[in-house]
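Next up, some structures in structure tokens.
Both complexes shown next keep chain A, but they swap its partner, so chain B is in the first and chain C is in the second.
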Partner chain A sequence: MATDPTDPNAPRVGVDEWVASHEQRRVRRTGLLGVVERELERVPSPAFYLAFGVAAAILPALTSNGYVIKVGLDTLLYMLLALGLNITVGYAGLLDLGYVAFYGFAAYGYAMLASPKFGLHWATVGVIPLVVLATVILGFLVALPSRRLVGDYLAIVTLFFGELFATVYQNGEHMSLLGFTKAKDVTGGPNGIPNIDQFHVFGARIGTLNYTAYYYVALIFFMVLLLAMYLVDRSRTGRAWKSLREDPLAAELMGIPVNRLKLVAFACGAGIAGLAGTVFAAANTAVFASEFDFTSGLLIIVYAMLILGGAGSLGGVILGALVVNVSLEVLRTPGHATWVFYVLIAGTLVARVRPWRWLALVIAGTAGFGFVVHAIVSAAWPRGVHGQAPVGGVLGSGLGHWVILPSNPMTIGNVAFVFLVLAVLALTLLRGWAQRLAMIPTLYLAAFVWENRLAVEPSVTRLILVGVILIVLMNARPQGLLGTSRVEIV
Partner chain B sequence: MNWNLFLTELVAGISHGSVYALIALGYSMVYGILKLLNFAHGDVYMVGSFIGFGIIGVFGGATNLSVSVWVLLFLMLLGAMLGGGLLGVMIERFAYRRLRNAPRIAPLITALGVSFFLENAAQLVLGAQYQSYNSFSWKSPIALDHFTLPAHAVISYAEVIIIVGTIVLVVGLTLFVQRTQLGKAMRATSFDREAAAMMGIDVDNVIVATFFIGSALAGAAGVLNGIEYQQVWPYMGFTAGLYAFIAAVVGGIGNLPGAVLGGLTIGLAQAFSIGYISSTFSDAVVFAILIAVMIVRPSGLLGRAAVQKV
Partner chain C sequence: MTEKLLDLRGVSKSFGGLRVISQLDLHVDEGEIVSVIGPNGAGKTTLFNLVTGVYAPDEGDIVFEGGTLLGLDPHEITTRGIARTFQTLRLFLNMTVKENVMAAAYGHTRAGILRSVLRTPGMRREEQAIAQLAEQRLSFFGQRLMGYRWDQPAFSLSYANRRRLEIARATATNPRLLLLDEPAAGMNPVETHEIAELIGRLRDEGGYTILVIEHDMHVVEGISDRVVALDHGVKIAEGSFERVATDPRVVEAYLGTKAAASK
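And now, the complex of A and B:
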């Protein structure tokens, strides 16, 4: 059967018919939500990026709170990092686990060329391109031996490269070239490099710790790169990268230069991380190697951002970095974190537990269960309710009568944490009414652990939650919030 | 030539390498069957080490043990292997099983998440500080002391225990994989999962068994490492896991003798570069070996080149 090329319904050449008609078969929401969703989909994505840019640009005008600006700057740096990682992981599908090393390499590079460390105070307009170029070359060098490797081997090589970077810079205060030259202090070792120069362009100089200025610098970098990425996304190279991600073998057979594209993807990602690194070094005025190793969690956090938003989606980069970094910041203050915790739990219950009778039963059951347990414990073991809730106000006093708060919660809280993990895992195995009933004690246990252990140690809790986000998200929605799910064609 | 330094580093390298080999075996087994890099494997090793530490505490602490050292060692290994094995099975059940047919990158990122979760959960529950096995103060009936080889090289009994323990475990594993029915099923599944399923092998069971055995070996490695190097802390699994990983890749991932050979190679390379060059550069030497192997023999020293079928 010959198809008429002018017929709009005819399948386009080179497009699988099933994939091409995938839009029509999508299940759409009905009612008001559906209308909103359809209208939003018609807005071109650059309009969203522009809206984000405008909103971000007026943020410093709305608040004089230095802390908010600092968090905004951090978020923008994370966005830059996620944008770079999006090329390597999101487009080209190369699992680069040494990504943070490029960031650190550039931060140190800027620090060495523009600080009293070696007495060099080069001009910013020269240092930034130089450092970015060096990072791109480093990216090339790392990718060079690994480009022939399958995804997993690349992951190992890059992960080890990242750790190697951190170790060498951490111990770089007596560095000699394999014992041939005299030991020299290159990286400052654990003390890092302090007193880094501020950005200065043609006589104009950003004041020390002037986060607002750096916020704008990072924002401009981000918006320019976002535009570039939007164009790359639709270019030949962008399409080639994505075909590489979907099936390297098929891409190669179609004549796509797989090796070269891998190298370029790697180097581009590294370059963007390098740019972010220079801003980071100048804004913070000091760099330490420990900020870039695995235990700092930076790598995992950037991955969580990318994955949450949806790898391969530019809007996802913005959304992911915003959501993850703002929630991590909120978690720093136990008072705020507790509110977020309960709102999140309530929200999850409302979204997941259907029909509403069960929802009402679970919530009422949990509340009742708590009061009963609290009453029993306060009668049998008074010291078990003497602790202080980490949040004040109405919520705090309410919780004080509901959750058991032992005066010394360390040991029992730790044991409860382990049981909570086991209980949540068991919950995923149950079905039907058994699951709903089991939810009641589990929720109470969660509240108990939260009040006694998690809320009081925010620094660890944040990292635990990042790990949990990755696991849950990958199991529930591997394509992320804004990513498009893959269509598997066999 | 300085024989003292050479012998000391040789034994240290072999004992360190044995620990890497035990961890690498688990990586390799899981990779062979699921083609999954289980980043959380190093953290199973950490948990095993902490279980051993806990068992020392149960029997009165290092300085006044209430049982003989042999009994203690046996219980520590047993506990760490059981605990590690169960943890491995749980990780497989709850984090990886649903992702078996997902795109390759999904389970990898999940594995990173599991690793990060375990490390930080351990930090929350057990504290961030270093704990010590204090095994040099164990007294009855033997003290884990040192003895001297010719050329005044000082070797500790702990190193001997590590090496002997590893040999026993590796021989046991080899016998299991080669001689038992389940071992046969494992080899079949690793060769071709779908074909094995069609031949009536319960692939789910085989995968669970693989995770259990691999993780039990990592748990044992945690205890053995603790006896010699004393320290346990929540992030110990990351570095050790990374070296073991490299060992598995250098030896040929998916290949069990390769994992042992790779472990010994990495252990020796590390020990000799610490002894003869400097500790800062030992990582660089290991990295150089990894890169060299990747370029010259991408499938590892003992691995067979994979033929990609389309």
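And now, the complex of A and C:
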């Protein structure tokens, strides 16, 4: 009964030709874009990693701007963190919300062993392996009681651990061993540990605040670990991690020691965070516990990078960290933020409003609506258009003739903000042409609120905008930019 | 065919107040195909879960190759030579077909993280051997799981092919005893026929001893050396298919007392 492949008359039951010929039927882009896409698919992923490494390596040669290098260093540290978290979350599927504590633990570990705090100035080549090892052991210890927990329960336990770490280090200036010893200053409390030694290897020493040097240190660490993870990804351990993410019980019953592999995944992730922590401590010359607690947002940012890039994808780690951190930096300047704001709105409209005539109507309608409102207000209440657009240049002067800019926008801007939220909510309830028409005043209201209130407060708006970017991107690609879509139940 | 490969001695298991398996004695000899039948809720899958270590029995002993399995973790039991499939399929859906099978070779391979990163010659040889093993296990099913399918995610497979992949994955653990939980469930008559034939080949060509749960009586009749009937966790009949199928207590368990009386 078994089908003999050499016999053309053999029954074809179960041999799905539909699946067999799927390549021919796949919808492909045509034209130049299609050619590029097909060529890119053929390039092996290490080539992309190498290209990234080369590009990152020549960046300091292209700019003498210290700020750019510092942002680059921060991004590389984020990439290291995301790479470690990718093992725990992306491969093994363990929701570890205490991850940042490992980063902080290692930063403090380096600070304690290489600073005037305790008068210890150990050699860098000794401190880094020691601290990383200690972080790995800490990872083991945290995972040990929680290894039988999954999903939400593991998340609660690890979140607690993360907060415990931050609280202890925040209040560690009077520590005694359960009251038996005299209280001693261990962590410096809220003052942290300052004057941390720079990396020094065999007599060569990195100068204080020499971010370019630390940039290269972080880049080398990242590239080496990226290669290592690429190799682990396609090894016996990588397969075992992925299988326990897919189905822990089935993995266990296929001879895979699930509990042990969870411990290893946790510890490996912690170790990479530890390595990043040592670089962080030395580069910034001081550490503070508040940089590692939940309110610092670090945990959320790293998770956002990982999920945006696509959990389980190494290229996604690079891309996710780049997109999130560069967006966060770019949006510090109101001028940049304003461009991002309008491009986001225009992009969303182009992607979502169909057919084209409706899109044209909404855009033209919004523009016309603005000029009409502007004309009416300037005639009836001249003070209403006397304000200054927060952004100069072409965009700013153009907007000055379109958006109402009252000379004292505080109160009216806040009221409008509330109305904007209500309008957006109403927009989600409407359907069809009513929704499209309602978009016109809503868009104008959004521009009004942006110009009068949001653009002038970049510290608030950049987080809002990054949130919006994440929502838009994750809606467009739920699996992450470079992730492969996962199927839960079929 | 006389040596007992698997031997359950007076095994009981309760969940709360519910006794699911009660004083069960059951053995599987080397090279045998034994079928377990019984109505839904008879304790068949619980029996598999007890043997593979998912549950620990409340009393009794489970002996495999002369040594007890009690106290071992499921993965240790698998490494000792017992592999299973699942009634409700539990593939690694987002891994490729070949990766599914390769993952199951974990128990009898060695290379750790460090050797994988350093790509030592031993690790590379082992990796090649794992790939070959996977290809060989998949080739057992003719063309169905071959070629382009190796690199497709498991979720793209049809239902019948998923069942086949589960069997291929189980055999990649290099077991001596295969536990198949309703291998023909949800298959059409042609596929069911094929599965029955396949189980015979697994024993004859693969050399596995097989304990199978099956509802399809044609399959059970075609493959079984011996049939064990369970009802409410108690063994109610054992022997050849003919003997068990005509046993009044088995008929009663399936059809109720009245039907048995009127027969």
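Convention: the second predicted complex is superposed on the first by the 405 of 490 C-alpha atoms of A that agree within 3 Å, B and C clash if a C-alpha of one lies under 4 Å from a C-alpha of the other, contacts with A are read in each partner's own complex, and residues count from 1 in each chain.
As a convention for this text, contacts are C-beta pairs under 8 Å (C-beta built on N, C-alpha and C of every residue); 3 or more make two chains touch, one makes a residue touch a chain.
Keep in mind that what you see is a predicted model, and the values were worked out from it rather than measured.
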First (chain B), second (chain C), both or neither touched by A:249: both
Which of chain B and chain C A:240 touches, first, second, both or neither: second
Which of chain B and chain C A:71 touches, first, second, both or neither: neither
Contacts of A:232 with chain B and chain C, given as first, second, both or neither: second
When both partners are placed on the shared chain, which of chain B and chain C touches more of chain A: B
Partner chain in contact with A:439 - chain B first, chain C second, else both or neither: neither
Partner chain in contact with A:93 - chain B first, chain C second, else both or neither: first
Common ground on chain A, meaning residues reached by chain C in one complex and by chain B in the other: 249, 486
Chain B-facing residues of chain A, complex: 89, 93, 95, 97, 145-146, 148-149, 151-153, 155-157, 159-161, 163-164, 167-168, 171-172, 174-175, 178-179, 249, 294-295, 297, 300, 303-304, 307, 311, 414, 417-418, 421, 425, 428, 453-454, 457, 460-461, 463-464, 466-471, 474-475, 478, 486
Touching residues (chain side chain C, partner chain A) in the complex: 52, 54, 73-75, 78-79, 83-84, 86, 90-95, 99-100, 102-109, 111-113, 116-117, 119, 123, 126-127, 130, 142-144, 148-149, 152-153, 155-156, 158, 160-161, 169-170, 172-173, 188, 190-191, 193-194, 197-198, 201
Touching residues (chain side chain A, partner chain C) in the complex: 1-5, 11, 13-16, 19-20, 23, 228, 231-232, 235-240, 242-243, 246-247, 249-259, 264, 268, 484, 486-488, 490
In the complex with chain A, residue positions of chain B that touch it: 31, 35, 37, 90, 94-95, 98-99, 102-110, 112-121, 123-126, 235, 238-239, 242, 245-246, 249, 277-281, 283-284, 286-287, 290-291, 294-295, 298, 308, 310
